[in-house]
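These are the structures in question, set out in turn.
One chain, chain A, links the two complexes that follow: it is found with chain B in the first and with chain C in the second.
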Partner chain A sequence: MKCFEQLNPFAVAVYYLCVLGLIMFSMNPLLLAIALLTSVLSAVLTGTANGRAHLFSAIVFLVAAVLNPLFVHKGVTVLFYLNDRPFTLEAAVYGLSAACMLTAALYRLRELSRVLSSDKVLYLFGRFSPKLALLLSMTIRYVHLLRVRYRKIQDSQKALGLYDDGNLIDAVRGRARVLSILITWTLENGIVTAESMESRGWGTARRTSYAVYRVHAYDALFMFVCAALTALTAVGVYHSEVVFYPVLDMDLLSPWGIAGAGAFTLLSVLPLTINGTEAIRWRISISKI
Partner chain B sequence: MAHIDIQNLSFTYPNADEKALSDICLSIGHGAFVTLMGATGSGKSTLLRLLKPELRQNGTLAGKIKYDGMDIENNGTRTVGYVAQNPEEQIVTDKVWHELAFTLENLGAKQRDIARRVAEIAAYFDMDAWLERDTATLSGGEKQLLNLAAVMTADPELLLLDEPTAQLDPIAASRFLSTVYRLNRETGVTVLICEHRSEELFALSDRVVVLDRGRLVYDGTPREVATSAATAVDAPDSPFMGFLPTAARIFHAVNGRGELPLTIREGQRFVENFDNTVRSLNDEAVIENREEALSLKNICFCYERNGADILRDLDMTVYRGEVFALLGANGAGKSTAAAVAAGLRKPYSGTMKLFKKPLKSYTNGSLYRGNISLMPQDVESVFIHETVGEELKYCEAVIDSFPYDLRPLYSRHPYDISGGERQLVALCKALSSKPGVLIMDEPSKGLDANAKALLRDIILKLKGDGVTVLLITHDVEFAALCADRCALFSQGRIAAVDTTQRFMSGNRFYTTAASRITRCRYDGAYTAERAAALIRRNGGAL
Partner chain C sequence: MIVIQNARLRTVLRYIIPFVLIPAAVILSAVVFEGQRYLIVSLGIAALALLLFMTGFERKNIGSRRMVITAIMTALAVFGRFIPLFKPITAICVMTAVYLGAQAGFLCGALSVLISNIWFGQGPWTPFQMLAFGLIGLFAGYLSRFLLKHSLLLILYGVLSGAAYSLIMDVWTVLWYAGGFEWKLYLSAILSAVPFTALYAVSNVVFLLLLKKPVGNKLQRIKIKYGV
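The block that comes next holds the complex of A and B.
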């Protein structure tokens, strides 16, 4: 089954670039409300965020929404006074919009890190520099290797009775020794890796970067749809200018505004739509079998 | 025309007094499978590296190496593949598919060519299912197969293998060697392999070449080499005896006549020639009322709270003054068992006692002072100092009573000495706390026959001094040489435990070559020496 996660990483990156760009650069309350709702919906349906992540987002939302009206006193519509300072409607709306932006962006970034796994990121970098891609790949490998080795060294030093963590100074000294062994060990063995690279033709020709991903017609189609919806949204946002201070002045429901909001909604639920349609098609194809 | 033609080759390392290789003449035809044998330091690796110009080390070279009649310097990367000993370090990238593509990326191949070759190789090596896996999650055997596969992507004509199975367990090693054999037969690649596993390689190779201190001493078919090595004037003391397959050693020890047996099957046929009225040596010592040194009862352990149990109700008792071998496949959890027994990991249930006191009662590191010591699998993790001398001085190691003289190594860096010597320095360090129980994790890994024999002597000397030794190993042959009791570890617990004699005779598959050769005729002949002794007792040579 072909789903959003299996699209070419390039298409996925373009999608998140569009969505995050629109979320972060349009201070349009309607758009931001849609962004928050759809990103929560998507997080729930795809299981990207667990209970703790939702709680964290809720706290971020509340703090961001409350902080602005507490510290910004611009605006003419005073709702009430707090410690002799005005609490204005304008500042509250602005705060809510900013909170929507922040929370929606957080949800989308979390989703991005789930969808774009390390090898997909490597593929993206590899398009620009094959050497950078290899460097990243080797780094990822070494992080794991070093962690495993650190543990091994700690164990063997401890079992030899050389690792004393009875008091702070000894513990620090012990750690320093473990690190020193780790470095020696890794550097010494780095020679073997270097030889392995050399004997496999490293540096003999202009390097190419092999990727397991292909760009298919539907990737291109997907990117085209993304671009079109983003353009429509941007035009809509441009035509429905929003002014917060001193008086709220926004025409969110103008024809352009509605068109922009509609396009943005479609864009936001595009991954869900793709996966949903595929799930239905799968059901149908199964029932045919 | 010969594939490789080595003429009067000599090589000297800078600042070395002796030649690493002297006057080697060797001609290898296309598609040959040649095994290069010899003790550590005999110049095998040096010779192998000279055949791959990128890996050539500094030094003065005399003589000629021709590759297809041309000077080898003009030969490119593509035609010679090289796989070294350490599986972990040769891997460059984090994904299996990337590792396979690495060589071709370096050579600047096109996307579609790489895709085709990666798919082809993955199918041939049966690694299609793990293409997407992280290289870190592979086992040692899988890593080494990946290294071989990655080298094969460039379609080499010559494959150089420098002790590729030294770090692997017997099962993974067999799999690796049979893959090499298949490559040789099916693709015609010329194979030159340095290895100590004569049991398999004498059966697989077309030709065996033996080096000794830089000189070529034997060269011929496996049977010719084994025959001349076994019948040489100084044969019983010859360092090559240890490198011969068990069947050949039994044959030699009883002064056998006729054709020299090399494989298990040939060995069985040879043993059938002898009488078996005396079936066993009847020398099993019965020891009673033994004192427990280390006991584990119902130990359960897992790494993560919801993870699978690595140890499941493990029961193990090691008696004072014995050598106890815990055998089993790699990844079965033996090393975890060792770490738990050494108090490095806390089991979530079960009781452990050391010298009849709970392990928990040894507080403030007193456990590791005079009670228990662990020699780890990766001895690199032990060394702290610049020289072996400092290394031993710092931990106040008792050098005088150590059965091997380490003094000549004092000025060397621990990484610059041979694997066997490194093992001994680590052992000396582990003994510095004068432990009652010594746990050794895979001590025989990567050692040649002579180094193993030396290690065996040391372990037996320690036993004589009253040290209890717990040996964690996958090396059945080594366990047979030094253990009093053996246990088979499987599924997180001990599946069978018995005296070495009964263990080796009772097992049909997981046992020594000698035991397999003699099992139909004799009982308890689990080493070549015991088999020879039994044959002699039954009347000896026909």
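The block that comes next holds the complex of A and C.
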């Protein structure tokens, strides 16, 4: 086995498609609570989100949870009145579920962009349109390159003594000069790139990919497990349908409901399990001599 | 770069892609897929935008050069999106469109959204943003003669494109919120977005005026020197 991040990009994409699909499609409070807990757990354990990201997610959660019961007055179980408007249990539960969905999806999307790095995205979509893949990769590279060059120019300007951060007007003018140099340099350089591509026969044959990912047996196994758990969850969700309005009607702990929730929990912690097992195996394999 | 040889096909594609195919894809992504397949739709739009870009030139080497320059301008737009509050994305798309052609403007707008959303968050809104910025670039290209001549028109275009962006994005807000289109909701969404619209308009104008001369001169120079 390999760790989750080293699986075939296709398998990783399938995994996130399954998880995000289940999170976004089902309005099952139990499932969504599990989704939120596991996505926070995995974000903390893998270090995907920093303090600011957690704070942002918490704000999103609170706003989403509070907005629904404040503005929707459907439902029969009135908890209390706010400005003569009923604050109902049903709307509150719906709001909480929606907040769980939103926050969990945010965490998972953040994780997705960490695990599927740009080269993997290009590998996935290179077959779809090689020209587009090249254009995207070139632009993403330029974003980074611009940052590097900006710093280079800034340093050389500073070394020449043309740049003083102490004075506001000087700082602004210095920055404008750096930007101007940056644009000239990059545009001129871009033409060289284009000529070079042209003379090396760009666009005359199929493009090949630098990284070659094969589908190994464990990739197939991983995708199979994903599909099976997703199917089980979907069946479970389908059989324990939740009605929010006008009366909350949910049977979360029916056999199907529990089976679905169990399958979803397993699916959600699958990457953590794989990486955890690998870590334990690594510990065991360390020689004690 | 591939060149579309048939002149008539080029003309047909030039209008059918931005005004029929891409809007159809955007609406489809919101209504039929209910925003679930936004990434596939976004990439499809990007591919269409690239095809549209290919209708903008007749010689192979011009295409390659123009593509690299467009990629650089797109990267600049993405780079600029990290500035808090004021975003130069519209201004850069307009500059690209004015000097490199309407089709390059569309490509710059659509791609800069697609790529910057890697950092700012992809979502069902991505196709709508791509369409909005793409069209802003496209029309700037159509109007390039007037925009270059009069600064006042450029300012007006900045204000109008801020408003147009809000109008297009509010369609998404309504579709997402209500699951169908309702005029009442649309109007209230527009009204509640007025502060943002104003911010877009102001930052568009500020950056257009700031970038007009320096970036314009550089693009003009590249254009004359290499015949992009």
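Quick notes
FYI, the second predicted complex is superposed on the first by the 231 of 289 C-alpha atoms of A that agree within 3 Å, B and C clash if a C-alpha of one lies under 4 Å from a C-alpha of the other, contacts with A are read in each partner's own complex, and residues count from 1 in each chain.
Going forward, a residue touches a chain if its C-beta (ideal position, glycine included) is under 8 Å from a C-beta of that chain, and two chains touch if they have at least 3 such contacts.
Keep in mind that what you see is a predicted model, and the values were worked out from it rather than measured.
In the overlay built on the shared chain, the residue A:183 is in contact with chain C alone; chain B does not reach it. Between chain B and chain C, it is B that contacts the larger number of residues in chain A. Legend: residue contacts after superposition of the two complexes on their common chain; A:117 is shown touching neither chain B nor chain C. In the superposition on chain A, contact of A:109 is made with chain C only, not with chain B. By the touch criterion stated above, A:153 is placed in contact with chain B alone, chain C being left untouched.
Judged by the touch definition given at the top, the superposed model places A:125 against chain C, while chain B stays out of reach.
In the superposition on chain A, contact is made by A:212 with chain B only, not with chain C. Once chain A of one complex is fitted onto chain A of the other, the partner contacts of A:24 are limited to chain C, with no touch recorded for chain B.
In the overlay built on the shared chain, the residue A:140 is in contact with chain B and with chain C.
Put simply, chain A uses residues 118, 138, 140, 145, 180, 184, 188, 190, 193, 195, 197-198, 202-203 to touch chain B in one complex and chain C in the other. Of all residues in chain A, only 118-119, 130, 134, 137-138, 140-141, 144-145, 148-149, 152-153, 155-162, 164, 166, 177, 180-181, 184-185, 188-190, 192-193, 195-212 touch chain B in the complex they form.
Residues 52, 54-55, 76-78, 80-82, 84, 86, 88-95, 97-98, 101-111, 114-115, 118, 134-136, 147, 150-151, 154, 339, 342-344, 364-365, 368-369, 372-374, 376, 378, 380-384, 395, 415, 429-430, 432-433, 439 of chain B touch chain A in their complex. By the touch criterion given at the top, residues 1-2, 36, 43, 46-47, 50, 60-61, 64-65, 67-69, 71-72, 74-76, 78-79, 111, 114-115, 118, 121-123, 214-215, 218-219, 222, 226, 228 of chain C touch chain A in their complex. The touching residues of chain A, counted against chain C in their complex, run 21, 24-25, 106, 109, 113, 118, 125, 128-129, 131-132, 135-136, 138-140, 142-143, 145-147, 176, 179-180, 183-184, 186-188, 190-191, 193-195, 197-198, 202-203.
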